[in-house]
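Shared chain: subunit A. Partners: subunit B in the first complex, subunit C in the second.
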Partner chain A sequence: MKITEFVKGFMISVNTGIQHLFRKRMTTMYPETQNYPTLDMYAYDPRKGIAVSGWRGRHYLDMTKCTGCQLCYIACENISEAIEMVPLPETNYPQNKKKIFPAVDYGRCVFCGFCVDACPFYALYMTPVAELSEYDRNDLYYSPYELSKPPAVNPTPRAKEKIDIKRGVYDER
Partner chain B sequence: MGTSESSEGRKKLVYSVGDSTSYALVGKLKDVVKRSVENPLGYVVNWGRLYSLWPVHMETGCCSVELGAASGSRWDIERFGVLEAFGSLRQCDLLIVLGTVTRKMMPRLRVVWEQMPEPKWCIAIGACSISGGLYLDSYNVMQGIDQYIPVDVKVPGCPPSTYAIIDGIMLLMEKIRRSDLKGHYPAGTSEEDVHALIQAKEEVKTKA
Partner chain C sequence: MNTSTNLQGLPGVFEEEVSPEGKLRVSFGPQHPGSGHMRIILTINGDIVEDAIPDVGYVHRGVEKMCEYKTYIQNIPHIERPAIHDSAGTTLPYILATEKLLDLSEKVPERAQYIRMLLAEMNRMINHFYFLGILGIFMGHSTVTTWGMGDRELLIETAAMMTGARVTFSFIVPGGVRTDTPHGFEERLLKSCDYLESRVKTYKDYLLENPFARMRMENVGIIKKEDAIAFGLAGPTLRGSGVKSDVRKDEPYLLYDTVEFDVPSYPEGDAMARTKVHIEEIQQSIAIIRQVVGKMKPGPVKIPLRGQIRGKIGDAYARVEGARGMNSYYIISDGQVYPYRVRVNTADSRNLAIMRRVLQGVRVADVPVVHWSLDYWPVAADR
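For the complex of A and B:
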């Protein structure tokens, strides 16, 4: 082996080492920067029959639209029994005369999104917030009031239309 | 209705890091000074435990893939001192249960738990290990491992994403930071007390 080849190989490895010093860091510094994969809410449009793609995390319940029809409960009944209809007699919404709302047990929920698909009144969404870990099992049970609070991150609403040319998929958001 | 105020308080604490750094820093400094003056030896010992968690992986399901991704280079949990899979149970202090625990696996899990030296902690990851998940009313799947071993942190999801797992580990670190010299939380409790608490809760549930 000639000494010039040895020096050349050595210099190449030093060069790649120096290049890596100035590259963008690959690791996501998680608790400081919370960059979620997407901020879209998973939703379903029952009139058009199109599901809007999004990250499936904690639910968001719109209590001004929920009619207490129990379709989300029926969808969840044979999957994991996470949703339970809870009577809230103190509420006074005109569309919900039975005064029952869904409550979700996140110890059982598998985030399949079938409850969102089943809702015909645009009342259930899924937000990208997935950090739901707790010390106590009972804290994983979310009441309708907790579900109706918007999450700390701001997910985008689904009002505007969009066509994704790259994937060749119609995405109506 | 049982609204959990504790969960909201914890989330505020986590989210305040990104939004207003100065307030979070001041709150952290106040907390550090208070705890180090109250119990200096416990503070130093827990600080040492906190940043060197050696885990045992009980990989019985598909959640183990997500933990593998969390210890990869994209979401590097070794930044917090949590190592990858380690050989000996006798030198570990964190049991991570990933997946479905069957009736046949539960005695082995209990043996693994009792082989680990004190102080030790346990994280249950995934719906199966928290409550049985999809295998509800099954004849051979345990409906939640917290009836048999004390679980410190539950991470829901099927499987939970990597950042949810990191959030669970940070929650456990917060617990260790607030525990006493023996590693019990809240300070002054033991494993028997935890079991008594679980039994009391079960009695309340059956009565109601």
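For the complex of A and C:
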């Protein structure tokens, strides 16, 4: 490398670095602002055979539609065996004569969503809830009642992301 | 009992030792000081590596065997896991081979093919930004690391908007893709592409012009053109040695014959040439994405498949150009719901073949740079 080449390259790279001092910060301040790419639920339309895009997070079970057909359980069987069919004798839903509902173990689930694709009765969805960490492993097991709670969408508003060639990618407050 | 002499060269059983001539045999890895999930047994003479035996297999998970007792759909999530930064490039050949077994290849809707191309090119860029980021930290250039990871995030979030997952998309299925593009997806993708195109120039200025980065990468880990062909290398490693070979051009799959793009290649064959190929490929992927978004027309994105799918009796082979090179799948079906045998061949295992030869004669401090620039990812190579 010639000395002129060295100096020129050095100046170019230092100049690029200095320009970056005037750009906005790319990092998101995580717990205050949350940057979910989408807030839609992942759902599947068995009649059309195609899904509706959304975030594949925690499941949502509609207990008024689930018939206990076990198809979601069969779909998950060889993927991660996260779904277990649990009997709930106290329930009284007319469509569910067997009184069994799916429960999901999030210690095992890989969030592939193929159980949602398998449900023929519009009973299973996936919600944009991704913060599932717990202190106890057993708390990761979600019973049908917990799954059927409407997803607690985080109250903090989603950060408005700006993509600007000059100033960088940043969140607008 | 002295086992170190007769078991020499056998990875796994060795002791660090100093030979009478003053050569030191040390283990590089596997606890990841820049070796990934593998170990290189280095024989060092002063500062020069005299021999390097790659010891692989730490992350073998038996993907091929697992494929034999899962149905065609259940295979998708675990097939993409070995290659987390190129999950579309790894599942795509499996899906293409499965579609051949189902006689679906001709029937996949046009829009589905375009969406698959979009995802594949986005994944190529995600992988290449990751490459630049890790290359930076292996050189001690941590600015590029944070930039690479940050720019990658933009694409990951765009992909997550459509697929619903950040890294393991499970998005391409036999018959098409799982969902149509959501509202505002194309707009955000094109915006990200404009932004990333400006970033490509920044990387060129900051990494390729930087004299210190050049000193670390130029004339380091040279692979000659003949060697690259003889060892059957793939992807940017092959193209960095001056061979213009790309499955997208040689044997177009999906609709790659309808878009125009270049195959960048540099004849030097050193770590710098391979880095340049990666940066150029980001630019080509942006060009492909722009053309594809312009060509996409509304329409169906999937042929609904009902019930369990069964392949016809026979076999099928498909190969695609993944981010790190040619990935291929060979599936034998005996008409059951499970494949009879699945053979996975990834570019990473091909690029591993030359590692011993390339590392001979480099300096110890250059080992991480050469190792990473070879585009070898242990998890995908071990499968």
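As a convention for this text, the second predicted complex is superposed on the first by the 127 of 173 C-alpha atoms of A that agree within 3 Å, B and C clash if a C-alpha of one lies under 4 Å from a C-alpha of the other, contacts with A are read in each partner's own complex, and residues count from 1 in each chain.
Just so we're on the same page, a residue touches a chain if its C-beta (ideal position, glycine included) is under 8 Å from a C-beta of that chain, and two chains touch if they have at least 3 such contacts.
All values derive from a computational prediction rather than experimental measurement.
When the two structures are aligned on the shared chain, A:79 is found in touch with subunit B and with subunit C.
Contacts of A:132 after superposition on the shared chain: subunit B is touched, whereas subunit C is not. Once the two complexes are laid over each other on the shared chain, residue contacts for A:111 go to subunit B and to subunit C alike.
In the superposition on chain A, A:51 contacts subunit C only, with no contact to subunit B. Residue contacts after overlaying the shared chain place A:101 against neither subunit B nor subunit C. By the document's definition of touching, of the two partners only subunit B reaches A:145; subunit C does not. In the superposition on chain A, contact is made by A:13 with subunit C only, not with subunit B. In the overlay built on the shared chain, the residue A:26 is in contact with subunit B and with subunit C. Residues common to the contacts of subunit A with subunit B and with subunit C across the two structures: 26-27, 79-80, 110-112.
Listed in rising order, the residues of subunit C touching subunit A in the complex are 69-71, 73-74, 76-78, 143, 150, 153-154, 157-158, 160-165, 168, 170, 178-182, 188, 191-192, 194-195, 198, 202, 205-206, 209-211, 214-215, 300-302, 304-306. Partner subunit C is touched in their complex by these residues of subunit A: 1, 5-6, 8-10, 12-13, 15-17, 26-27, 35, 37-38, 40, 42, 48-56, 75, 77-80, 110-114, 117, 126, 163-165, 169.
Note for the complex: subunit B touches subunit A at residues 1-4, 6-7, 11, 14-15, 17-18, 73-76, 79, 127, 130-134, 136, 144, 146, 152-158, 160-161, 163-164, 166-168, 170-171, 175, 201. Subunit A meets subunit B in the complex at residues 26-34, 36, 79-81, 86, 88, 105-112, 130-141, 143-146, 152.
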